[in-house]
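Letters A, B, C and D mark the chains in the order given here, with residues in each chain numbered from 1 onward.
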Amino acid sequence: MKPTKKLRSDIAWSTHDRIGVLGYDLCRDLIGKVSLGDMGFLEITGRLPKKNESEMFNALLVTLVEHGIVPSTLATRMTYTGAPESMQASVAAGLLGLGSVFVGSTENAARMLTDALPNPDKDVDLRALANGLVDDYRSEKRILPGLGHPIHKPIDPRTPRLFSIARRTGFNGRYIALMKLTSKRAQKVFDRELPINATGAIGAIACEMGIPWAACRGIGVMARAVGLVGHVLEESRQPIAREVWHRTEHEATSHTRGKLRRK
Amino acid sequence: MKPTKKLRSDIAWSTHDRIGVLGYDLCRDLIGKVSLGDMGFLEITGRLPKKNESEMFNALLVTLVEHGIVPSTLATRMTYTGAPESMQASVAAGLLGLGSVFVGSTENAARMLTDALPNPDKDVDLRALANGLVDDYRSEKRILPGLGHPIHKPIDPRTPRLFSIARRTGFNGRYIALMKLTSKRAQKVFDRELPINATGAIGAIACEMGIPWAACRGIGVMARAVGLVGHVLEESRQPIAREVWHRTEHEATSHTRGKLRRK
Amino acid sequence: MKPTKKLRSDIAWSTHDRIGVLGYDLCRDLIGKVSLGDMGFLEITGRLPKKNESEMFNALLVTLVEHGIVPSTLATRMTYTGAPESMQASVAAGLLGLGSVFVGSTENAARMLTDALPNPDKDVDLRALANGLVDDYRSEKRILPGLGHPIHKPIDPRTPRLFSIARRTGFNGRYIALMKLTSKRAQKVFDRELPINATGAIGAIACEMGIPWAACRGIGVMARAVGLVGHVLEESRQPIAREVWHRTEHEATSHTRGKLRRK
Amino acid sequence: MKPTKKLRSDIAWSTHDRIGVLGYDLCRDLIGKVSLGDMGFLEITGRLPKKNESEMFNALLVTLVEHGIVPSTLATRMTYTGAPESMQASVAAGLLGLGSVFVGSTENAARMLTDALPNPDKDVDLRALANGLVDDYRSEKRILPGLGHPIHKPIDPRTPRLFSIARRTGFNGRYIALMKLTSKRAQKVFDRELPINATGAIGAIACEMGIPWAACRGIGVMARAVGLVGHVLEESRQPIAREVWHRTEHEATSHTRGKLRRK
């Protein structure tokens, strides 16, 4: 088969004495000069962050590294129990649960805001926009992304912290304002506490930083990979997966143990 | 079933207004204060890095983020082609290839050095130790980990850069010395270029930092997760996987296409 | 925390001398009595298949086991290159690509048919239903699932084979009829070849067998896991991944090799 | 780069009207003619099984499909909780735990037997061989693979069932005899119940069938993929993962909740 198109990747190259990563000389410009979080910014945007961008972006990542015992870390620990020789597989198993239910809400929030305000410089009535969003989601019976939290009530403590960094670093713009107005309106319309949660705050700040909504899941994936390594290491020192397995098996099958269909 | 042991994890907890991560208050001590790489150090060691540790550890991570088009990034891109809705699955597919062949050599190097020098403060003849290592590996026909590179010859440019940072940050100790002596001896004994490659340098520096060899694969996993996100995003903008697939399928099956066993 | 609900799984239990699987005695009723494909039917429906069901269901599975060199098998082979010690990880990497693009069309076809004809016993005008489906998808600019194939033209050879087995086993009902009428109408409306492909045939037959659309992806997952093992074994004997990697890397980076941003 | 070698795969090809799979015409020879388990045999050995081989091989597969609530099925269910849109990812997460601890013992048993008896037709004293195996493993403090079970005592009920099928199908040869003698000797030497468990029986039978030890893990992977689909479907109807998560999180963090290092 004749090639039908040229293969092309602009991410990295090597020669015998040099390595280029997204246009930078790995040894001269990156190693010892930038942090892992800055590399994440580089992978997503194609350029190194300015100082304020580095500060804000690392804050987003740090927020998502660790949630303790949750389904993804339990998947990691269960996998480690069967395949302790493959740390990478245990981390991968944990990442696989970062789907629509938990991590997806960051990108949903960013997408909602981007769709509502494609051009943040255009002069629009944000309050009317927020009211329209709430009304639309309500009439379509869709859940407003980035609002409410089962534990962190009445506010999610990560949100004011992130917004305070956004102010300090110059990212406190119209997407954050729109998110806040949406939360306010939603609380009124649904008559319950619907504070902006961490995923809503991160989605709004990602919009402020010009990160496309489709890249937002990547922020969570980068951060959680770091945390999942910690869970593999703790499980190796101080295991819980076997005990959880045995208890669960015992309880879940007690009603049926020994029972067979008639043959 | 009665629980037979108490479940216990020291990584994180949440209350309605606070989140603790490895003993730190997430909002007060971590978000906006530390970088993603520092969180990686915290997950591996249980404490935040000092300034010199942060610099050295981020340098290790940055070295491993990106290798361009390699088997793991191709696995990520192939997976994206079939499941573009699941970025996390594409990244997980790429991580799965970080096994014994590529990333394993970091932990093998660290293990070799730790086994040879369990107590770095003890006064031993490093040259004799290095000579013994080379002789042992040679007689057992095992490959010395962390030495040699197919492209980066006669030196791997990442190694002097990393060792220079190790000097600056106070991590230029006996494990690095032992690794250098091992490389020197191996070049003589095998009569070919066997410079310390990046995985050998990282393994030696991890030993200097007190990171257990069994945690070394985690450094690679954290770093590569960051890079794999970049490959998902590039594949979404500028795909190569379908073209690689079509060319490979065509060539690999041309000798057999249309041929059947006689029935 | 007090348990808030009882854990319950009806799939399997063990005692010292017996193992129950979905109500059957594993040793007495299943091992040596049924085939792997029948176990698949049991896992999906909760009961063993009758003879005609076994024949039809195994035919669906066999159709999907093997597609040769495709993105998922390339992901498997790339992963094997880095982690040959973990066959299960290579198979898992391949499964991860069975997402919306390739395997998803089976469930989309089954869902389209189920939504259109929730009660297959009700007397409705199938032709009108088919015409309505095509019109709806067209006006919403959605792709009709299960129709058309880039290679298998003017017909997909698997479809007549599967439909012939469906006739022989008593599964040639109204869902297949509706699928055929939809294909016919689509070819007319879009004025091009849109034969029922294998995923469309399987989706329709799954509906005939009473398999819920949401379980259809499971048929593909079961089948492809079998095929992916074969690719791991061939890659171990007769590798292609490294050569594909080197060629791809070389071509994809040739335009940028050696180029750096100015600093 | 000039291609340095020809890519070649003998597994499958397609033309517009035909599909070849390992030399068979998919539509003429396989669909409707063979079962999923037979396809598994074809993928591993490159040919379709004879009747007795099909019976024996399907019995091995059926034995491994389902073990109820175990670490791998819990990893699958945890992953489903976060990413219900990706059944394939949940199944993949479960497969990732089929490593050295559980599934590895089948290949270890097969490898032990193959190493001890590379040529099954050669006349050797099996009893002496078995005694030597037990002595060697004992002196090296290695665990004899395929012997003993925490629940199934004094015998694993799957073993006599599998061996009875082996007799019926003509696979009751010297590897099974060697395994039995090894178990007998081990019970005497270690003075405790060490019956041949299912993985030991499967390893021995695989040797009888001429399946290489390195392919044995593939039998488990094929079988468990089928079972894991059942766990995804049960979790979707009758979830347990969230309750397990909440209970585990609560208990595992109760000792540390609210505690912070002094700053």
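Just so we're on the same page, contacts are C-beta pairs under 8 Å (C-beta built on N, C-alpha and C of every residue); 3 or more make two chains touch, one makes a residue touch a chain.
Nothing here was measured: the structure is a model prediction, and the numbers come from that model.
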item	value
Chains contacting each of subunit B and subunit D, listed by label	A, C
Other chains in touch with both subunit A and subunit B	C, D
Interface numbering overlap (same over half, different under half) for subunit B and subunit C	same
Chain located farthest away, centre of subunit A as origin (C-alpha)	D
Angle (degrees, nearest 5) of the CA superposition of subunit A onto subunit C	180
Chain pair showing more contacts of the two, C-D and A-D	C-D
For subunit A paired with subunit C, centre-to-centre distance based on mean C-alpha positions, whole Å	30
Distance between chain centroids, defined by C-alpha means - subunit A, subunit D (Å)	36
Whole-Å gap separating subunit C and subunit D, where each centre is the average of the chain's CA atoms	23
Contacts with two or more other chains, residues of subunit C listed in rising order	7-10, 12-15, 18, 68-69, 83, 85-86, 88-89, 92-93, 96-99, 103, 240, 244, 248, 251-253
Topology of the chain contact graph, where touching chains are joined (line, ring, star, complete, other)	complete
In the complex, subunit C residues that touch subunit B	68-72, 74-75, 78-86, 89-90, 92-93, 96-103, 240-242, 244-245, 248-249, 252-253
List of subunit D residues in touch with subunit C within their complex	1, 3-5, 7-19, 21-22, 26-27, 30-32, 34-40, 42-44, 54-55, 58-59, 61-63, 65-69, 86-89, 91-93, 95-99, 103, 151-153, 155, 157-158, 161-162, 164-165, 214-215, 217-218, 220-223, 225-227, 229-234, 236, 238, 240, 243-244, 246-247, 250-251
Residues on subunit D engaged by subunit B in the complex (per definition of touch)	6-10, 12-13, 15, 18, 20, 23-25, 28-29, 83, 85-86, 88-89, 92, 96, 248, 251-253, 255-261, 263
